[in-house]
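Would you mind keeping the following structure in view while I ask a few things?
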Amino acid sequence: MRKEVPLIITFLAGTFFIADYFIPHSGFSKMAESVNGWTIIVIAFSYILGVANVARVNLDQIQKGSKDKFYKIILLVCLFFMSIAGIVWGIQGGSVFDWFFLNVYYPMQSTMFALLAFYIASAAFRAFRIRSIQAALLAITAVLVMIGRVPVGEAIWKDFSIFSEWIMNVPQLAGKRAILIGAALGAISTGLKVIAGLERTHLGQD
Amino acid sequence: MKVDDYLVRRGLRKFKRIRAWAFAAVIWLWQSLSVLAQESPLPQSGSTSDFRWFDTHRWNVFLALVIIFFLIIYFIEKAKQGKNLFVRRIAGLDAIEEAVGRATEMGKPILYVPGIDDMNNIQTVASMIILGNVARMVAQYDTPLIVPLRMPFVLPVAEEAVKQGYMAAGRPDAFQKDNIRFISDEQFAYAAGVNGIMLRERPAANLLLGSFFAESLVLAETGFSTGAIQVAGTANIHQLPFFVVACDYTLIGEELFAASAYLSKEPKLLGALKGSDYAKAIILLALIIGAILMSFNIDWFKNWFFVE
Amino acid sequence: MKRLLETINSLDRRYIFLFIGLAVSLPLFFPIGIKFTVTHPVQGFYNTIEKVPNGSKILMSCDYDPGSAPELYPMTISALEQMFKKDLKVVITCLWPAGPPLVEKALAHVTPQYHKQPGIDYVNLGFKEGREVVMVSMGASIPNTFPTDYQGKPVSQIPIMQGVTNFKDVAMIVNISAGYPGTKEWVQQVQSRYQIDLVAGCTAVSAPEFYPYYQTGQLKGLLGGMKGAAEYEKLVGFKGLGTRGMDAQSISHLTVFLFILIGNLAYFALRFWKGKASR
């Protein structure tokens, strides 16, 4: 039963939600709604699993005296402090949690996102070398779109943004749709294989 | 006899388990039917309840699904009969084995990042399938495999996939549970954590396979700076350009979903891959026909694909 | 000369980082004021909200976190400005856990000048885990999905939520999103099922993915990145964070272009040099 039960559950759940798309019967929709509610609860409980894993892995490393144990201590202290602060004093505006969120977490997240600007510049410098015809097309299109999508493009040539929009709306969109269709078919195929039990690796079974 | 007693006891336990599941199924069915029975079979005046058992506005989607399913099943049956199904070479997937070999030679670990999405995303499911295959490969060479995770829900699935991979390779003792780690469910905190792993552990190969968003370039560039060979793959189209410029090999869209069939070479999976390829050929034909007809302002064909 | 070309060809990326840092920061201190025009998707976003009758209720979903706030926060501010100018009632939800404090910040910024009251003119329902499941659940009942607001007050006691059961009770949906769950899920799960007007704001990198939806009319308007935010600010009639970032974005794009150009010139010059030497 250890192999069969997960497969049966996968099959029933998969066909149920496929059927929900085609069956507008309000009773059926109510069933789907209640299952959706269970899903929300299960996902929320999985965070306990995650926190337990973080605590276990990092405590192990601290106990073993790994060379980065100082950072692991900071990680655990921050994790438990923010959790306790949120639970005890609440998360509303003006609370301790809110202060740390706006003054520590917010700038740190923005900083990480801002790294992308630097990384894209170094990646572009490295990757856009015209070594072949395809590389030339890539580099030229990237430059045209890059300049056309900022005000300086309009300052250089007033129709630059229209030309850039054409590249985005026609050749780029065509390529994107082709990849999207292929990916969607791949997703349908993988979904069918998982529902039908042909693919079991993700369940830990061959 | 003791053996008979043991078998009888085991049989009884199995019977009790089956009985419990059957009982649960009956309860579930009874509750479902009760919900359905509460609805009147005849629509009441002014009622907004819908009592149809099939939405006729979606029959075109249903027909398309039936055709795709038929093609997949047909080619799976063909594969089962022993027919040789050709699949073109995918450089990115061949590179995975090369990356494992390189990591083994250098004595460094392999970093496998299965994307940042949850198990409800089919890309994560596909990534777990590939992870199982990669785990089987690395187990043979005793190469450490580090799997940082963003979603806690993926943690038990990843653990099981890696464990089974090691067991399939006959190396259950080599499985290290601590190498499969939940980092953080915050996108950039996760990216920072993975960057830290890359810079500290210096993996020889980074496999970035799954659903990625803005952190893709942060991961790929940091991986590049450590000199690791990088194979990336995602069906998130907006991240493909970043992987293409920063990684050595990129699996584009459906190549990620083809990986399980490609790596395992299992006939049933190859058959399913073939089926979806034929479905794509039908869609291609429909696009050409539709484009030609629309050029002459004939729109009935296009309208057939409209979903309300 | 050859050594210089080789140095440029394999330039340490820290020099690139330095120039990008200067290109982004200097225009913020010394604005140039480069002019720009409004594109169709942004005009569509503005017009769709303008067409909503004054006093109607709008559902706004802010699905982003601080990482993408530089691009999306200006859109949120501008959208709130336009909606409050038209006296629209705004019901705000978040599908990303870090979204609600950002929404509170935006509301604190905009509401004082329009004298809007919480619970009467707007409400922040906070975050709910569940992604698409939450969207589908809201289609059945928004109060059941969000039983309390962000401050913990029961939704049944909030005046603006009276008469709001599901998507049929709001005039349209404004979605500002950074990824998943976001615009694509709103289109797939909500717009396609309930045929409600939907406009979206997203990061610049995601915008190309949503052009198909705009072309087919599933999205009535689309703001893409900081430029989209700046164009929208122009339509709403004020110069906010989006407009201020345009000069920095322009100069940094030009800098990247120059690096690509210099890199290719060095690459071709070296190839020519090596070719000549081998002959």
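Think of it as A, B and C in the order they're written, each chain with its own count starting at 1.
Basically, contacts are C-beta pairs under 8 Å (C-beta built on N, C-alpha and C of every residue); 3 or more make two chains touch, one makes a residue touch a chain.
This structure is a prediction, so every number in the text was calculated from the model and none was measured.
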item	value
Chains touching both subunit B and subunit C	A
Pair sharing more residue contacts (C-beta pairs) when A-B is set against A-C	A-B
Centre-most chain, if every chain is reduced to its averaged C-alpha atoms	A
Most widely separated chain from subunit B, with each centre as the mean of CA atoms	C
Separation of subunit B from subunit C, taking each centre as the mean of its C-alpha atoms, in whole Å	30
Centre-of-Cα separation between subunit C and subunit A, whole angstrom	17
Junction residues of subunit B - those touching two or more other chains	118, 185-186, 188, 214, 237
Multi-partner residues of subunit C (at least 2 other chains)	13, 65, 67-68, 98, 208-209
Numbers and ranges of subunit A residues touching at least 2 other chains	29, 43, 108-109, 112-113, 120, 122, 124, 126, 128, 176, 180
Subunit A contact footprint on subunit B (complex, rising order)	14, 17-18, 21, 32, 35-36, 38-39, 49-55, 58, 61-62, 65, 68-69, 72, 76, 118, 122-123, 125-126, 128-129, 131-133, 151-153, 155-157, 160-161, 163-164, 168, 178, 181-186, 188-189, 191-192, 196, 200, 214-215, 217-218, 220-221, 235, 237, 240, 242, 244-246, 252-254, 256-258, 260, 268-269, 272-273, 275-276, 279-280, 283
Residues of subunit C defined as touching subunit B within the complex	13, 65, 67-68, 97-98, 131-132, 178-180, 192, 203, 205-206, 208-209
Subunit A - residues contacting subunit C, complex	29, 32-33, 36-37, 39-40, 43-44, 91-93, 98, 101-102, 105-110, 112-114, 117-118, 120-122, 124-126, 128-130, 139, 142-143, 146-147, 149-152, 154-155, 161, 165, 168-169, 172-173, 176-177, 180
In the complex, subunit A residues that touch subunit B	1, 5, 18, 21-31, 43, 46-51, 53-54, 57, 60, 68, 71, 108-109, 112-113, 115-116, 119-120, 122-124, 126-128, 176, 179-183, 185-194, 198-199, 201-206
Subunit C to subunit A touching residues, read off their complex	11, 13, 16-17, 19-21, 24, 34-37, 39, 65-70, 98, 101-102, 104-105, 108, 128-130, 133-134, 136-137, 140, 150-152, 204, 208-209, 211-212, 215, 227, 246-247, 249-257, 259-260, 263-264, 267-268
